[in-house]
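Look at the two complexes coming up: chain A is in both, with chain B in one and chain C in the other.
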Partner chain A sequence: MALERLEFEYLGPAEKGKRDWEYIHIGHVMSGDLEILAEPMPHEPGVTKFHVTTSAVGFGSVWQMVIDEFMATHKVRACEIWINDDGATPAVVKLRLAQLAKEMSREKSG
Partner chain B sequence: MDDRWNLLQNQPFSRLNARERAYAICNPESFTELLGPRLKLTSPHLPPMGQTPQFDDGVVVGLGTVGKAPAVVVSQESKFLGGGVGEAHGTKMVMAIRLALRGQEILESRSKSSESRGRVAVVISFDTGGVRLQEANAGLLAHSEVMDAFQAARGKVPIIGIVGGTVGCFGGMGFVAASVDVLIMSDVGRLGLTGPGVIEEVVGTEEFDAANRALVWRTTGGRHRFITRDADFIVEDTMKAFREKVAEVASWPIEKIASKRIIGTGEMVLEQMRLVDLAANDRIQDSWDLWRQFGNEDIEYLWDSNVSEFEANARRWPRGRVGDND
Partner chain C sequence: MENRASRRTDWTRRQEGFQKRLREAQQFVSEPGSKVVNPNECVYLLEAVIRPGDRVALEGNNQKQADFLADCLCKVDVDRVNNLHMVQSVIALPSHCEVFERGIARLADFSYSAPQSTRVARMVEEGKMKIGEIHTYLELFGRYFVDLTPDVALVTAIHADRSGNLYTGPNTEDTPTIVEATKFRQGIVVAQVERVIDKLPRVDIPAEWVDFLVPVGRPCYTEPLFTRDPALITDVHVLMAMMVIKGIYKEYEVKSLNHGIGFGTCAIELLLPTFGESLGLKGKVCSHWAVNPHPSLIPAIETGFVESIHSFGSEVGMEDYMASRPDVFFIGPDGSMRSNRAMCQVAGHYAIDAFVGSTLQVDKYGNSSAAVAGRIAGFGGAPNMGCDPPGRRHSSPSWLKAGKESVVTSSLIGPVPRGRKLVIQMVETFGAGLVPSFVHRLDAWTLMEEAGFAIPPIMVYGDAVTHLVTEEGIAHLLKCTSLEERESAIKAVAGYTELGREADPKKTLELRRKGIVQTPEDLGIDVGEANTSLLAARSIRDLVEWSGGLYRPPDRFREW
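Let's look at the complex of A and B:
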């Protein structure tokens, strides 16, 4: 019944350049979907933190793989990413993360 | 100027999410969200039950301007737990209305002339099944507090309700929507107390077939609610149509707005009971029987016509109150 909370932290080279977005919020908490809130963490330029809250218990290793892949393909640094998940499949999580990456780059250029 | 705002105006209201509705119901670049997702004001009751919380608890509140009026906007999100009202969600609603009242007091204390000072309006977009069952006590309390705040706002701050989302407005929030000053619905919007699915589950398919979309919409939909005067206006299912109507109503004198209330005094309750008497008898088997009773003859035409033709030709419950003919 209880929710599972997962934490992931990534270290890398500090992000260069100024970030334009204040925060990014996408998605909804509904069966098979999730919401993502991204907030800048300017004091830790080389760190990315993920806080996942999920109603599907016992899928920590799957989350690890999906987020590892996201971090390997996108240059995301100095931010904290909060995920509220209501049983989304890995495919849906990947789509939402791709949406997040798109919003991050759009906000940068715009 | 504001591309996102322009783009949203021509979208179907029913397809937009709560945040888009709140943003686009206000004038361009005027909306500021309060207690937004970053504050993470989530429900404390959901995690122990294994339900993932949402950062805004399913409701967007904020400030903006609507036409010439400063406005406090509340917009419910039906994707999260069917728009159910829990403790945090309800608190945000109640505090938003109190904020509008406080804002109005400040405006009045600063300016003596009523023309120059403007007047705060409250706009509430309902998209909800009512009380969130996981936190029913807090949810119920929130409903009564919202209605209490409506009574406090009576004749001071207009409460403008809109119903046009995919869930509509059911359960306890059906009562709340009935107690606003002016209610605006689209024909896609639905309003009722017990939702169609619940009626079917409790009394059976013979009583109400929730899978029969035509039956559900002609019983709870905007057209029927317009005819029974539960809704004051019916508009097209576009963001623009809702925004323009809200701005128009917000510009009315407060006396005219307050006169549109349908509950809140003993006489008004008796008046509503007369409508119940009309509807709850053996001759009325279907909402369309009631339409005929009010003098509507070509029902098929009314049902199929577009919203403006419907609005012009529909004959509504002849309640007989002053101003009912506009």
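Let's look at the complex of A and C:
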């Protein structure tokens, strides 16, 4: 099966406040779904890196839009995010990213 | 004064013709005066009672099938029986197609053919099947009593008694409609049954309306069409279901409704006892249903959300559960449920606040279609429920609120209060295989050209849709004042499809301010909370447990 690798990097003002979460895992790799792994990157406080590996080839521009929108909404900083995708729809991608954001804030407040 | 107008003098041609056939067929009954025909003789019986060019209603319903009679019809001598005009609800079985492949039938008027959609399209292309019209169930039933009255009906029941009374039980479905249309125009009714017994639990069809009984020694084929495994519901379905419950059911106080068979509506049913309860909606919404006995409704029934359910058909495995909940289901004096497709379609057309369906494609005007090029699938009953019936004259809070919000109405009838049924379409912006659900041109147009239809097969017209729900949000199309505004609202919820990318962010913001478009955030729903763990049941086994063991799912749904 052909796979496509996509990289996205965002630079912004460094994140304020203390980060409590260590490592987050959301979702599963299965047909129509994806998994997200997130790890803090404390040495690069203003950077967010996405590494997408997807079985659906040719959807780079859609990934760009979905992740742009996520970053505009959630201002996630200083972390590295791996996405392993097996043909999830943008609806699923958005929802899993929202769950990731939820998990990050939950760990913080908890 | 002499009356020169010619007068018809023979009034019993049909009657005499059918009497002649009945006399000729007497040689196949087991003993004089009996209606029972040995299954081995059934093909000969059909050759005796069916004439070339007859209109034949072969009972093919959404669920139960007169499968033995269908197999026999495929085996008749094509020199004796040919050119038949099939008038049947559903083309579902391979044998329904074989009747055409073998040249026994030529013309079909029907409602639904999804299970054989590819083969039907191929037969039309090869000239083996000519389609009269594709109807909704109610239209076809209507035409049974106007210009498509069957000459011969081949129906199915559970059991018969010796005089010919039929017990159709929970899956009564289309039988009363087919038999009434056929018999009261003097036609011939043949019924396959499992057995002929001494005393029936109840009489669903009186003996006088039945001419022949074929006891085949086994139940007829019945498809568990409305069983959805909760394990296949995704978080996205949950998100969309939360939006429908909070943004529509709660707001409009939707009390009476129909649900399609998609996973989105299945998720709604399973969220009522959890999310719905947390919003305080028990007793306020979803109390009265015109719907098949979906197993996924069991938790909502058990928690007291549901007061009544009338059904088009039954559902395999739900019989004992329904019989144990006679306050909820329509149960006969014998203790078993009776469905009736025609009656339930009337209920779904006229008597409910809301219809919720799903679809494969939506265009920028909001027209939706499940048609795919190369497949002729028909309509079934969805269009009768997925529309606002112009003849409705009774009111309800939901109907009045929706009518008030439909500002365009006053431009047609002036300041007269008039309500509106809610027609809600739930659709993910992309379907399986990342195929966009929002398109500039529906595949229905291509299918129309391929099959030579007069109109594209549109399931629900855009002007009927009041709400379009995607994972992006709700478009309250009923509030739009122009086609242009509708297009903007549709694009606003069309996500990253080509159509969705045409959305103007400024326009979308304006629509959100007007309340025409609502995102999950606008509805106070946290997308990150949308999770299948909110479902009252997450497997078929959970449903069995909710039912206290009364629901007995077919083996194919058992994984334990």
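The criterion applied here is as follows: the second predicted complex is superposed on the first by the 109 of 110 C-alpha atoms of A that agree within 3 Å, B and C clash if a C-alpha of one lies under 4 Å from a C-alpha of the other, contacts with A are read in each partner's own complex, and residues count from 1 in each chain.
Basically, contacts are C-beta pairs under 8 Å (C-beta built on N, C-alpha and C of every residue); 3 or more make two chains touch, one makes a residue touch a chain.
A quick note: this is a predicted structure, and the numbers were derived from the prediction, not measured.
Engineer: For A:Glu80, is the partner it touches chain B (first), chain C (second), both, or none of the two (neither)?
Structural biologist: In the superposed model, A:Glu80 contacts neither chain B nor chain C.
Engineer: Return first, second, both or neither, reflecting whether A:Val66 touches chain B, chain C, both chains, or no partner chain.
Structural biologist: Second partner only.
Engineer: Going by the contact rule set out at the top, does A:Thr54 touch chain B (first), chain C (second), both, or neither?
Structural biologist: Touch status of A:Thr54: first partner only.
Engineer: Applying the document's definition of touch, where does A:Ala91 land relative to chain B and chain C: first, second, both, or neither?
Structural biologist: Second partner only, chain C.
Engineer: In the superposed arrangement, does A:His25 touch chain B (first), chain C (second), both or neither?
Structural biologist: A:His25 contacts chain B only, not chain C.
Engineer: With both complexes superposed on chain A, which partner does A:Gln99 reach: first (chain B), second (chain C), both or neither?
Structural biologist: Only chain C; A:Gln99 stays clear of chain B.
Engineer: Can A:Glu44 be said to touch chain B (first), chain C (second), both, or neither?
Structural biologist: It touches nothing on chain B or chain C.
Engineer: Counting contacts the way the document defines them, which residues of chain A are shared by the two interfaces, the one with chain B and the one with chain C?
Structural biologist: 33
Engineer: Under the stated contact criterion, what part of chain B meets chain A in this complex?
Structural biologist: 17, 36-38, 40, 47-55, 77, 79-80
Engineer: List the residues on chain C that touch chain A in their complex, please.
Structural biologist: Going through chain C, the ones touching chain A are 234-236, 239, 428-434, 470-472, 495-496, 501, 526-531.
Engineer: Using the touch rule from the top, collect the residues of chain A that touch chain C in their complex.
Structural biologist: 32-33, 56, 59, 62, 65-66, 87, 89-92, 94-96, 98-103
Engineer: What does chain A use to touch chain B in their complex?
Structural biologist: 1-3, 23, 25, 28-30, 33, 35, 37, 39, 53-55, 82, 84-86
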